[in-house]
Amino acid sequence: MENRPLDILNGSLNTPVIVRLKGAREFRGELQGYDVHMNLVLDKAEEIRDGESVRKMGSVVIRGDNVVYVSP
Amino acid sequence: MENRPLDILNGSLNTPVIVRLKGAREFRGELQGYDVHMNLVLDKAEEIRDGESVRKMGSVVIRGDNVVYVSP
Amino acid sequence: MENRPLDILNGSLNTPVIVRLKGAREFRGELQGYDVHMNLVLDKAEEIRDGESVRKMGSVVIRGDNVVYVSP
Amino acid sequence: MENRPLDILNGSLNTPVIVRLKGAREFRGELQGYDVHMNLVLDKAEEIRDGESVRKMGSVVIRGDNVVYVSP
Amino acid sequence: MENRPLDILNGSLNTPVIVRLKGAREFRGELQGYDVHMNLVLDKAEEIRDGESVRKMGSVVIRGDNVVYVSP
Amino acid sequence: MENRPLDILNGSLNTPVIVRLKGAREFRGELQGYDVHMNLVLDKAEEIRDGESVRKMGSVVIRGDNVVYVSP
Amino acid sequence: MENRPLDILNGSLNTPVIVRLKGAREFRGELQGYDVHMNLVLDKAEEIRDGESVRKMGSVVIRGDNVVYVSP
(Lines give C-alpha, C1' and ligand atoms only; values in the text may rest on other atoms or scores of the structure.)
Protein backbone atom coordinates (compact mmCIF):
# COMPACT_ATOMS: atom_id res chain seq x y z
CA MET A 1 0.00 0.00 0.00
CA GLU A 2 1.19 3.46 -0.93
CA ASN A 3 0.87 6.43 1.39
CA ARG A 4 2.50 9.23 -0.56
CA PRO A 5 0.51 12.47 -0.77
CA LEU A 6 -0.74 11.92 -4.33
CA ASP A 7 -1.63 8.30 -3.53
CA ILE A 8 -3.91 9.54 -0.78
CA LEU A 9 -5.54 11.99 -3.17
CA ASN A 10 -5.95 9.18 -5.67
CA GLY A 11 -7.60 7.01 -3.05
CA SER A 12 -9.99 9.85 -2.23
CA LEU A 13 -11.39 10.23 -5.75
CA ASN A 14 -15.20 10.33 -5.79
CA THR A 15 -15.39 10.77 -2.02
CA PRO A 16 -16.07 13.91 0.05
CA VAL A 17 -13.06 16.01 1.11
CA ILE A 18 -12.37 19.21 3.01
CA VAL A 19 -9.92 21.55 1.28
CA ARG A 20 -8.40 24.30 3.38
CA LEU A 21 -6.99 27.24 1.44
CA LYS A 22 -4.71 30.08 2.48
CA GLY A 23 -6.63 33.03 3.88
CA ALA A 24 -9.38 31.31 5.90
CA ARG A 25 -11.18 29.95 2.85
CA GLU A 26 -12.42 26.37 2.83
CA PHE A 27 -14.12 24.10 0.32
CA ARG A 28 -16.12 20.95 0.78
CA GLY A 29 -17.04 18.69 -2.09
CA GLU A 30 -16.35 15.44 -3.87
CA LEU A 31 -12.83 15.09 -5.21
CA GLN A 32 -13.11 14.45 -8.94
CA GLY A 33 -9.54 15.02 -10.04
CA TYR A 34 -6.08 16.37 -9.18
CA ASP A 35 -2.64 16.77 -10.72
CA VAL A 36 0.99 16.92 -9.52
CA HIS A 37 0.68 20.62 -8.58
CA MET A 38 -2.19 19.66 -6.28
CA ASN A 39 -4.58 21.51 -8.54
CA LEU A 40 -7.92 19.96 -7.57
CA VAL A 41 -11.35 19.40 -9.08
CA LEU A 42 -14.30 19.29 -6.69
CA ASP A 43 -17.88 18.44 -7.54
CA LYS A 44 -20.96 19.51 -5.55
CA ALA A 45 -18.61 22.09 -4.05
CA GLU A 46 -19.39 24.55 -1.34
CA GLU A 47 -17.22 27.46 -0.23
CA ILE A 48 -17.13 27.97 3.54
CA ARG A 49 -16.03 31.12 5.40
CA ASP A 50 -15.92 31.21 9.20
CA GLY A 51 -17.95 28.04 9.28
CA GLU A 52 -20.73 29.33 7.02
CA SER A 53 -21.50 28.33 3.46
CA VAL A 54 -21.00 31.39 1.25
CA ARG A 55 -21.32 29.88 -2.23
CA LYS A 56 -22.41 26.61 -3.82
CA MET A 57 -20.89 25.53 -7.12
CA GLY A 58 -21.64 22.57 -9.33
CA SER A 59 -17.93 22.09 -9.85
CA VAL A 60 -14.72 24.02 -9.23
CA VAL A 61 -11.07 23.86 -10.27
CA ILE A 62 -8.80 25.00 -7.41
CA ARG A 63 -5.24 26.10 -8.20
CA GLY A 64 -2.87 24.04 -6.09
CA ASP A 65 -0.70 26.85 -4.74
CA ASN A 66 -3.66 28.04 -2.63
CA VAL A 67 -4.04 24.71 -0.84
CA VAL A 68 -2.97 24.33 2.79
CA TYR A 69 -4.36 20.85 3.27
CA VAL A 70 -6.83 18.30 1.95
CA SER A 71 -8.61 16.03 4.38
CA PRO A 72 -10.45 12.98 3.04
CA MET B 1 -13.91 10.55 -19.19
CA GLU B 2 -11.10 12.65 -17.75
CA ASN B 3 -11.50 14.77 -14.65
CA ARG B 4 -8.07 16.30 -14.19
CA PRO B 5 -7.98 20.06 -13.62
CA LEU B 6 -6.92 20.96 -17.17
CA ASP B 7 -9.49 18.54 -18.62
CA ILE B 8 -12.21 20.46 -16.80
CA LEU B 9 -10.88 23.74 -18.18
CA ASN B 10 -10.81 22.19 -21.63
CA GLY B 11 -14.41 21.07 -21.27
CA SER B 12 -15.37 24.61 -20.26
CA LEU B 13 -14.06 26.33 -23.39
CA ASN B 14 -16.60 28.72 -24.91
CA THR B 15 -18.83 28.57 -21.84
CA PRO B 16 -19.27 31.09 -18.99
CA VAL B 17 -16.98 30.74 -15.96
CA ILE B 18 -16.34 32.50 -12.68
CA VAL B 19 -12.66 33.12 -11.93
CA ARG B 20 -11.76 34.01 -8.36
CA LEU B 21 -8.44 35.76 -7.91
CA LYS B 22 -6.33 36.42 -4.83
CA GLY B 23 -7.29 39.66 -3.11
CA ALA B 24 -11.08 39.66 -3.45
CA ARG B 25 -11.03 40.18 -7.22
CA GLU B 26 -13.34 38.14 -9.44
CA PHE B 27 -13.92 37.81 -13.15
CA ARG B 28 -16.86 36.50 -15.10
CA GLY B 29 -16.68 35.76 -18.79
CA GLU B 30 -16.47 33.09 -21.47
CA LEU B 31 -13.39 30.91 -21.24
CA GLN B 32 -11.59 31.16 -24.57
CA GLY B 33 -8.25 29.63 -23.72
CA TYR B 34 -5.85 28.46 -21.02
CA ASP B 35 -2.39 26.91 -20.64
CA VAL B 36 -0.57 24.65 -18.18
CA HIS B 37 0.16 27.56 -15.81
CA MET B 38 -3.59 28.19 -15.62
CA ASN B 39 -3.10 31.44 -17.47
CA LEU B 40 -6.61 32.11 -18.79
CA VAL B 41 -8.28 33.98 -21.63
CA LEU B 42 -11.79 35.30 -21.00
CA ASP B 43 -14.09 36.93 -23.51
CA LYS B 44 -16.95 39.32 -22.69
CA ALA B 45 -15.19 39.67 -19.35
CA GLU B 46 -16.36 41.62 -16.37
CA GLU B 47 -14.35 42.40 -13.24
CA ILE B 48 -16.34 42.12 -10.01
CA ARG B 49 -15.44 43.63 -6.62
CA ASP B 50 -17.59 43.01 -3.56
CA GLY B 51 -20.33 41.75 -5.82
CA GLU B 52 -20.36 44.80 -8.10
CA SER B 53 -19.16 45.07 -11.68
CA VAL B 54 -16.24 47.51 -11.74
CA ARG B 55 -14.98 47.11 -15.31
CA LYS B 56 -16.09 45.45 -18.56
CA MET B 57 -13.51 44.23 -21.02
CA GLY B 58 -13.88 42.73 -24.47
CA SER B 59 -11.24 40.20 -23.60
CA VAL B 60 -8.63 39.66 -20.91
CA VAL B 61 -5.56 37.48 -20.33
CA ILE B 62 -5.26 36.53 -16.64
CA ARG B 63 -1.89 35.37 -15.30
CA GLY B 64 -2.37 31.98 -13.66
CA ASP B 65 -0.55 32.63 -10.40
CA ASN B 66 -3.36 35.02 -9.37
CA VAL B 67 -6.06 32.37 -9.71
CA VAL B 68 -7.67 30.85 -6.62
CA TYR B 69 -10.33 28.89 -8.46
CA VAL B 70 -12.27 28.61 -11.70
CA SER B 71 -15.88 27.53 -11.59
CA PRO B 72 -17.59 26.49 -14.82
CA MET C 1 -7.62 30.24 -34.74
CA GLU C 2 -5.67 29.97 -31.52
CA ASN C 3 -6.92 31.37 -28.24
CA ARG C 4 -4.23 30.40 -25.77
CA PRO C 5 -2.98 33.19 -23.52
CA LEU C 6 0.25 33.82 -25.42
CA ASP C 7 -1.63 33.74 -28.75
CA ILE C 8 -3.80 36.58 -27.51
CA LEU C 9 -0.72 38.56 -26.49
CA ASN C 10 0.78 37.86 -29.89
CA GLY C 11 -2.36 39.12 -31.60
CA SER C 12 -2.19 42.30 -29.50
CA LEU C 13 1.30 43.35 -30.61
CA ASN C 14 1.45 46.99 -31.69
CA THR C 15 -1.99 47.73 -30.25
CA PRO C 16 -2.97 49.50 -27.00
CA VAL C 17 -3.37 47.35 -23.90
CA ILE C 18 -4.20 47.80 -20.23
CA VAL C 19 -1.86 45.93 -17.85
CA ARG C 20 -3.04 45.51 -14.28
CA LEU C 21 -0.31 44.78 -11.75
CA LYS C 22 -0.45 43.53 -8.19
CA GLY C 23 -0.81 46.35 -5.68
CA ALA C 24 -3.21 48.71 -7.47
CA ARG C 25 -0.71 49.69 -10.16
CA GLU C 26 -1.79 49.86 -13.79
CA PHE C 27 -0.07 50.55 -17.09
CA ARG C 28 -1.45 51.61 -20.43
CA GLY C 29 0.58 51.54 -23.59
CA GLU C 30 1.25 49.77 -26.86
CA LEU C 31 2.33 46.17 -26.48
CA GLN C 32 5.69 45.81 -28.24
CA GLY C 33 6.83 42.44 -26.94
CA TYR C 34 6.38 39.64 -24.45
CA ASP C 35 7.88 36.29 -23.49
CA VAL C 36 6.72 33.02 -21.91
CA HIS C 37 6.99 34.45 -18.36
CA MET C 38 4.56 37.18 -19.43
CA ASN C 39 7.34 39.74 -19.14
CA LEU C 40 6.00 42.59 -21.26
CA VAL C 41 7.33 45.52 -23.27
CA LEU C 42 5.08 48.56 -23.57
CA ASP C 43 5.70 51.65 -25.69
CA LYS C 44 4.20 55.11 -25.05
CA ALA C 45 3.55 53.76 -21.57
CA GLU C 46 1.74 55.52 -18.78
CA GLU C 47 1.56 54.40 -15.15
CA ILE C 48 -1.87 54.88 -13.57
CA ARG C 49 -2.67 54.93 -9.83
CA ASP C 50 -6.24 55.27 -8.59
CA GLY C 51 -7.29 56.32 -12.06
CA GLU C 52 -4.67 59.08 -12.41
CA SER C 53 -1.59 59.14 -14.59
CA VAL C 54 1.45 59.28 -12.30
CA ARG C 55 4.29 58.78 -14.78
CA LYS C 56 4.82 58.69 -18.56
CA MET C 57 7.57 56.58 -20.03
CA GLY C 58 8.77 56.20 -23.59
CA SER C 59 9.03 52.47 -23.04
CA VAL C 60 8.97 50.04 -20.16
CA VAL C 61 9.85 46.38 -19.50
CA ILE C 62 7.45 44.87 -16.94
CA ARG C 63 8.47 41.70 -15.08
CA GLY C 64 5.77 39.08 -15.60
CA ASP C 65 5.32 37.97 -12.01
CA ASN C 66 3.76 41.36 -11.20
CA VAL C 67 1.02 41.00 -13.82
CA VAL C 68 -2.58 40.28 -12.77
CA TYR C 69 -4.09 40.67 -16.22
CA VAL C 70 -3.58 42.14 -19.67
CA SER C 71 -6.57 43.47 -21.54
CA PRO C 72 -6.21 44.23 -25.26
CA MET D 1 23.56 6.49 8.26
CA GLU D 2 21.98 9.30 6.25
CA ASN D 3 20.90 12.57 7.79
CA ARG D 4 19.54 14.50 4.82
CA PRO D 5 16.13 16.11 5.36
CA LEU D 6 14.17 13.49 3.41
CA ASP D 7 16.05 10.68 5.16
CA ILE D 8 14.86 12.02 8.49
CA LEU D 9 11.29 12.13 7.21
CA ASN D 10 11.69 8.59 5.96
CA GLY D 11 12.94 7.46 9.35
CA SER D 12 9.91 9.09 10.97
CA LEU D 13 7.30 7.16 9.01
CA ASN D 14 4.61 5.66 11.25
CA THR D 15 5.73 7.72 14.24
CA PRO D 16 4.19 10.86 15.78
CA VAL D 17 5.43 14.23 14.45
CA ILE D 18 4.73 17.91 15.01
CA VAL D 19 4.29 19.92 11.80
CA ARG D 20 4.52 23.68 12.09
CA LEU D 21 2.93 25.63 9.26
CA LYS D 22 3.19 29.28 8.24
CA GLY D 23 0.66 31.45 10.03
CA ALA D 24 0.62 29.93 13.53
CA ARG D 25 -1.02 26.70 12.45
CA GLU D 26 0.29 23.37 13.75
CA PHE D 27 -0.51 19.73 13.18
CA ARG D 28 0.20 16.67 15.24
CA GLY D 29 -0.22 13.19 13.92
CA GLU D 30 1.49 10.07 12.63
CA LEU D 31 3.59 10.61 9.52
CA GLN D 32 2.28 8.23 6.87
CA GLY D 33 3.94 9.62 3.76
CA TYR D 34 5.84 12.49 2.14
CA ASP D 35 7.33 13.47 -1.21
CA VAL D 36 10.22 15.63 -2.47
CA HIS D 37 8.15 18.85 -2.15
CA MET D 38 7.69 18.00 1.53
CA ASN D 39 4.02 17.40 0.92
CA LEU D 40 3.05 15.31 3.94
CA VAL D 41 0.43 12.74 4.91
CA LEU D 42 -0.55 12.57 8.57
CA ASP D 43 -2.83 10.05 10.21
CA LYS D 44 -4.80 10.57 13.44
CA ALA D 45 -4.15 14.25 12.78
CA GLU D 46 -5.09 17.14 14.99
CA GLU D 47 -4.90 20.83 14.09
CA ILE D 48 -3.61 23.05 16.90
CA ARG D 49 -4.01 26.83 17.19
CA ASP D 50 -2.46 28.75 20.06
CA GLY D 51 -1.90 25.47 21.87
CA GLU D 52 -5.50 24.28 21.56
CA SER D 53 -6.87 21.50 19.41
CA VAL D 54 -9.27 23.05 16.89
CA ARG D 55 -9.99 20.08 14.61
CA LYS D 56 -9.38 16.33 14.53
CA MET D 57 -9.03 14.54 11.23
CA GLY D 58 -8.64 10.89 10.39
CA SER D 59 -6.02 11.78 7.84
CA VAL D 60 -4.73 14.88 6.10
CA VAL D 61 -2.55 15.76 3.10
CA ILE D 62 -0.53 18.93 3.79
CA ARG D 63 0.92 20.87 0.85
CA GLY D 64 4.65 21.25 1.39
CA ASP D 65 4.99 24.96 0.70
CA ASN D 66 3.09 25.68 3.94
CA VAL D 67 5.56 23.78 6.10
CA VAL D 68 7.99 25.64 8.36
CA TYR D 69 9.35 22.59 10.12
CA VAL D 70 8.66 18.96 10.98
CA SER D 71 9.79 17.62 14.31
CA PRO D 72 9.82 13.83 14.86
CA MET E 1 14.07 44.30 -35.08
CA GLU E 2 13.41 42.40 -31.87
CA ASN E 3 11.16 43.72 -29.13
CA ARG E 4 11.13 40.94 -26.58
CA PRO E 5 11.79 41.99 -22.99
CA LEU E 6 15.40 40.83 -22.89
CA ASP E 7 16.08 42.44 -26.27
CA ILE E 8 15.01 45.77 -24.83
CA LEU E 9 17.31 45.28 -21.85
CA ASN E 10 20.10 44.38 -24.24
CA GLY E 11 19.49 47.53 -26.25
CA SER E 12 19.64 49.56 -23.04
CA LEU E 13 23.13 48.44 -21.99
CA ASN E 14 25.37 51.37 -21.05
CA THR E 15 22.46 53.80 -20.97
CA PRO E 16 20.56 55.26 -17.97
CA VAL E 17 17.52 53.32 -16.72
CA ILE E 18 14.94 53.58 -13.96
CA VAL E 19 14.35 50.33 -12.05
CA ARG E 20 11.23 50.12 -9.94
CA LEU E 21 11.28 47.50 -7.20
CA LYS E 22 8.52 46.05 -5.07
CA GLY E 23 7.93 48.05 -1.90
CA ALA E 24 8.33 51.63 -3.16
CA ARG E 25 12.06 51.30 -3.77
CA GLU E 26 13.58 52.68 -6.98
CA PHE E 27 17.02 52.71 -8.54
CA ARG E 28 18.51 54.91 -11.21
CA GLY E 29 21.77 54.13 -12.91
CA GLU E 30 23.48 52.87 -16.05
CA LEU E 31 22.51 49.34 -17.02
CA GLN E 32 25.74 47.32 -17.21
CA GLY E 33 24.37 43.79 -17.32
CA TYR E 34 21.39 41.49 -16.90
CA ASP E 35 20.47 37.80 -17.12
CA VAL E 36 17.38 35.72 -17.90
CA HIS E 37 16.02 36.10 -14.34
CA MET E 38 16.13 39.87 -14.86
CA ASN E 39 18.90 40.12 -12.30
CA LEU E 40 20.42 43.50 -13.15
CA VAL E 41 23.74 45.31 -12.79
CA LEU E 42 23.64 49.09 -12.49
CA ASP E 43 26.59 51.45 -12.44
CA LYS E 44 26.60 54.96 -10.90
CA ALA E 45 23.53 53.74 -9.07
CA GLU E 46 21.32 55.75 -6.77
CA GLU E 47 18.56 54.40 -4.55
CA ILE E 48 15.45 56.59 -4.45
CA ARG E 49 12.68 56.53 -1.82
CA ASP E 50 9.63 58.78 -2.13
CA GLY E 51 11.43 60.79 -4.76
CA GLU E 52 14.56 61.39 -2.68
CA SER E 53 18.02 59.91 -3.11
CA VAL E 54 18.78 57.80 -0.03
CA ARG E 55 22.01 56.08 -1.07
CA LYS E 56 24.59 56.33 -3.87
CA MET E 57 26.52 53.24 -4.90
CA GLY E 58 29.31 52.78 -7.40
CA SER E 59 27.63 49.64 -8.62
CA VAL E 60 24.85 47.32 -7.55
CA VAL E 61 23.56 43.83 -8.41
CA ILE E 62 19.76 43.70 -8.09
CA ARG E 63 18.03 40.32 -7.73
CA GLY E 64 15.43 40.00 -10.46
CA ASP E 65 12.50 38.83 -8.37
CA ASN E 66 12.34 42.29 -6.76
CA VAL E 67 11.87 44.09 -10.07
CA VAL E 68 8.50 45.55 -11.05
CA TYR E 69 9.67 47.32 -14.17
CA VAL E 70 12.71 48.70 -15.96
CA SER E 71 12.34 51.86 -18.00
CA PRO E 72 15.14 52.82 -20.41
CA MET F 1 39.19 25.12 -0.42
CA GLU F 2 35.63 25.80 -1.56
CA ASN F 3 33.52 28.64 -0.24
CA ARG F 4 30.22 28.19 -2.04
CA PRO F 5 27.12 28.27 0.17
CA LEU F 6 26.58 24.50 0.24
CA ASP F 7 30.28 23.92 0.92
CA ILE F 8 30.00 26.04 4.03
CA LEU F 9 26.95 24.06 5.16
CA ASN F 10 28.88 20.87 4.49
CA GLY F 11 31.79 22.10 6.57
CA SER F 12 29.37 22.90 9.41
CA LEU F 13 27.95 19.39 9.76
CA ASN F 14 27.92 18.16 13.36
CA THR F 15 28.67 21.64 14.71
CA PRO F 16 26.33 24.21 16.33
CA VAL F 17 24.60 26.71 14.02
CA ILE F 18 22.12 29.57 14.29
CA VAL F 19 19.31 29.43 11.72
CA ARG F 20 17.31 32.59 11.22
CA LEU F 21 13.88 32.13 9.65
CA LYS F 22 11.46 34.59 8.12
CA GLY F 23 9.11 36.11 10.69
CA ALA F 24 11.42 36.57 13.69
CA ARG F 25 11.82 32.85 14.35
CA GLU F 26 15.25 31.41 15.11
CA PHE F 27 16.68 27.97 15.73
CA ARG F 28 19.85 26.86 17.39
CA GLY F 29 21.13 23.33 17.18
CA GLU F 30 23.68 21.00 15.62
CA LEU F 31 23.53 20.80 11.84
CA GLN F 32 23.00 17.15 10.94
CA GLY F 33 22.03 17.44 7.29
CA TYR F 34 20.95 19.69 4.42
CA ASP F 35 20.04 19.49 0.73
CA VAL F 36 20.19 21.76 -2.33
CA HIS F 37 16.96 23.58 -1.35
CA MET F 38 18.63 24.47 1.95
CA ASN F 39 16.23 22.20 3.78
CA LEU F 40 18.07 21.60 7.05
CA VAL F 41 18.22 18.99 9.80
CA LEU F 42 19.11 20.19 13.28
CA ASP F 43 19.74 18.05 16.34
CA LYS F 44 19.38 19.19 19.97
CA ALA F 45 17.34 22.01 18.48
CA GLU F 46 15.84 24.92 20.32
CA GLU F 47 13.38 27.46 18.90
CA ILE F 48 14.06 31.04 19.98
CA ARG F 49 11.62 33.98 19.85
CA ASP F 50 12.70 37.47 20.86
CA GLY F 51 15.80 36.00 22.45
CA GLU F 52 13.92 33.44 24.58
CA SER F 53 13.79 29.69 24.15
CA VAL F 54 10.18 28.71 23.39
CA ARG F 55 10.55 25.04 22.50
CA LYS F 56 13.19 22.31 22.68
CA MET F 57 13.17 19.50 20.16
CA GLY F 58 15.31 16.41 19.85
CA SER F 59 15.54 16.99 16.13
CA VAL F 60 13.85 19.12 13.50
CA VAL F 61 13.61 19.27 9.70
CA ILE F 62 13.34 22.90 8.52
CA ARG F 63 11.98 23.61 5.04
CA GLY F 64 14.53 25.68 3.15
CA ASP F 65 12.24 28.39 1.82
CA ASN F 66 11.81 29.71 5.38
CA VAL F 67 15.53 30.27 5.89
CA VAL F 68 16.99 33.78 5.90
CA TYR F 69 20.48 32.80 6.95
CA VAL F 70 22.55 30.09 8.61
CA SER F 71 25.49 31.08 10.74
CA PRO F 72 28.02 28.40 11.75
CA MET G 1 35.08 42.05 -19.74
CA GLU G 2 31.82 40.55 -18.54
CA ASN G 3 29.17 42.51 -16.69
CA ARG G 4 26.47 39.97 -16.03
CA PRO G 5 25.19 39.80 -12.45
CA LEU G 6 27.12 36.67 -11.46
CA ASP G 7 30.28 38.07 -13.07
CA ILE G 8 30.06 41.08 -10.81
CA LEU G 9 29.63 38.82 -7.77
CA ASN G 10 32.62 36.81 -8.95
CA GLY G 11 34.70 39.94 -9.27
CA SER G 12 33.71 40.92 -5.72
CA LEU G 13 35.00 37.77 -4.03
CA ASN G 14 37.18 38.53 -1.01
CA THR G 15 36.13 42.18 -0.96
CA PRO G 16 33.61 43.98 1.31
CA VAL G 17 30.00 44.13 0.14
CA ILE G 18 26.68 45.45 1.39
CA VAL G 19 23.79 42.98 1.10
CA ARG G 20 20.30 44.38 1.40
CA LEU G 21 17.60 41.87 2.33
CA LYS G 22 13.83 42.07 2.20
CA GLY G 23 12.34 43.48 5.39
CA ALA G 24 14.85 46.23 6.26
CA ARG G 25 17.65 43.81 7.13
CA GLU G 26 21.17 44.46 5.89
CA PHE G 27 24.48 42.65 6.06
CA ARG G 28 28.02 43.89 5.63
CA GLY G 29 30.95 41.55 5.24
CA GLU G 30 33.48 40.05 2.87
CA LEU G 31 31.96 38.05 0.04
CA GLN G 32 33.45 34.55 0.23
CA GLY G 33 31.14 32.65 -2.08
CA TYR G 34 27.88 32.60 -4.05
CA ASP G 35 25.88 30.33 -6.34
CA VAL G 36 23.38 30.70 -9.18
CA HIS G 37 20.46 31.26 -6.77
CA MET G 38 22.40 34.20 -5.34
CA ASN G 39 22.87 32.31 -2.10
CA LEU G 40 25.81 34.15 -0.55
CA VAL G 41 28.60 33.48 1.93
CA LEU G 42 29.90 36.44 3.92
CA ASP G 43 32.86 36.48 6.27
CA LYS G 44 33.39 38.95 9.13
CA ALA G 45 29.67 39.59 8.75
CA GLU G 46 27.61 42.12 10.63
CA GLU G 47 23.83 42.41 10.62
CA ILE G 48 22.55 45.98 10.47
CA ARG G 49 19.04 47.20 11.38
CA ASP G 50 18.07 50.85 10.98
CA GLY G 51 21.72 51.73 10.58
CA GLU G 52 22.85 49.98 13.77
CA SER G 53 24.86 46.79 14.12
CA VAL G 54 22.67 44.19 15.86
CA ARG G 55 24.79 41.07 15.52
CA LYS G 56 28.34 40.11 14.49
CA MET G 57 29.02 36.71 12.99
CA GLY G 58 32.23 35.05 11.94
CA SER G 59 30.55 33.83 8.81
CA VAL G 60 27.04 33.55 7.43
CA VAL G 61 25.23 31.75 4.58
CA ILE G 62 22.38 33.91 3.24
CA ARG G 63 19.60 32.26 1.22
CA GLY G 64 19.34 34.03 -2.12
CA ASP G 65 15.59 34.57 -2.21
CA ASN G 66 15.93 37.11 0.62
CA VAL G 67 18.34 39.31 -1.30
CA VAL G 68 17.21 42.65 -2.74
CA TYR G 69 20.62 43.82 -3.87
CA VAL G 70 24.35 43.34 -3.38
CA SER G 71 26.63 46.33 -3.64
CA PRO G 72 30.40 45.77 -3.94
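For clarity, chains are labelled A, B, C, D, E, F and G in written order, and residue numbers in each chain start from 1.
Note that contacts are C-beta pairs under 8 Å (C-beta built on N, C-alpha and C of every residue); 3 or more make two chains touch, one makes a residue touch a chain.
If you're wondering where the values come from, they're calculated on a predicted model, not measured in any experiment.
Looking at the partners of chain B and chain G together, they share no chain. Any chain that touches chain D and also touches chain G is listed here: F.
In terms of their C-alpha centroids, the spacing between chain F and chain G amounts to 18 Å. Mean C-alpha positions place chain A and chain F at a centre distance of 33 Å. Look at where the CA atoms of chain A average out and do the same for chain E: the two points lie 42 Å apart. Shown for chain G are the residues that touch two or more other chains, namely 65.
Starting at chain A and stepping first to chain B, the touching chains follow one another round the ring as A, B, C, E, G, F, D. Taken together, the chain D residues at the contact with chain F in this complex read 2-9, 18, 22, 38, 64-65, 67-72. Partner chain C is touched in their complex by these residues of chain B: 21, 23, 25, 27, 32-35, 39-41, 45, 57-63, 65-66.
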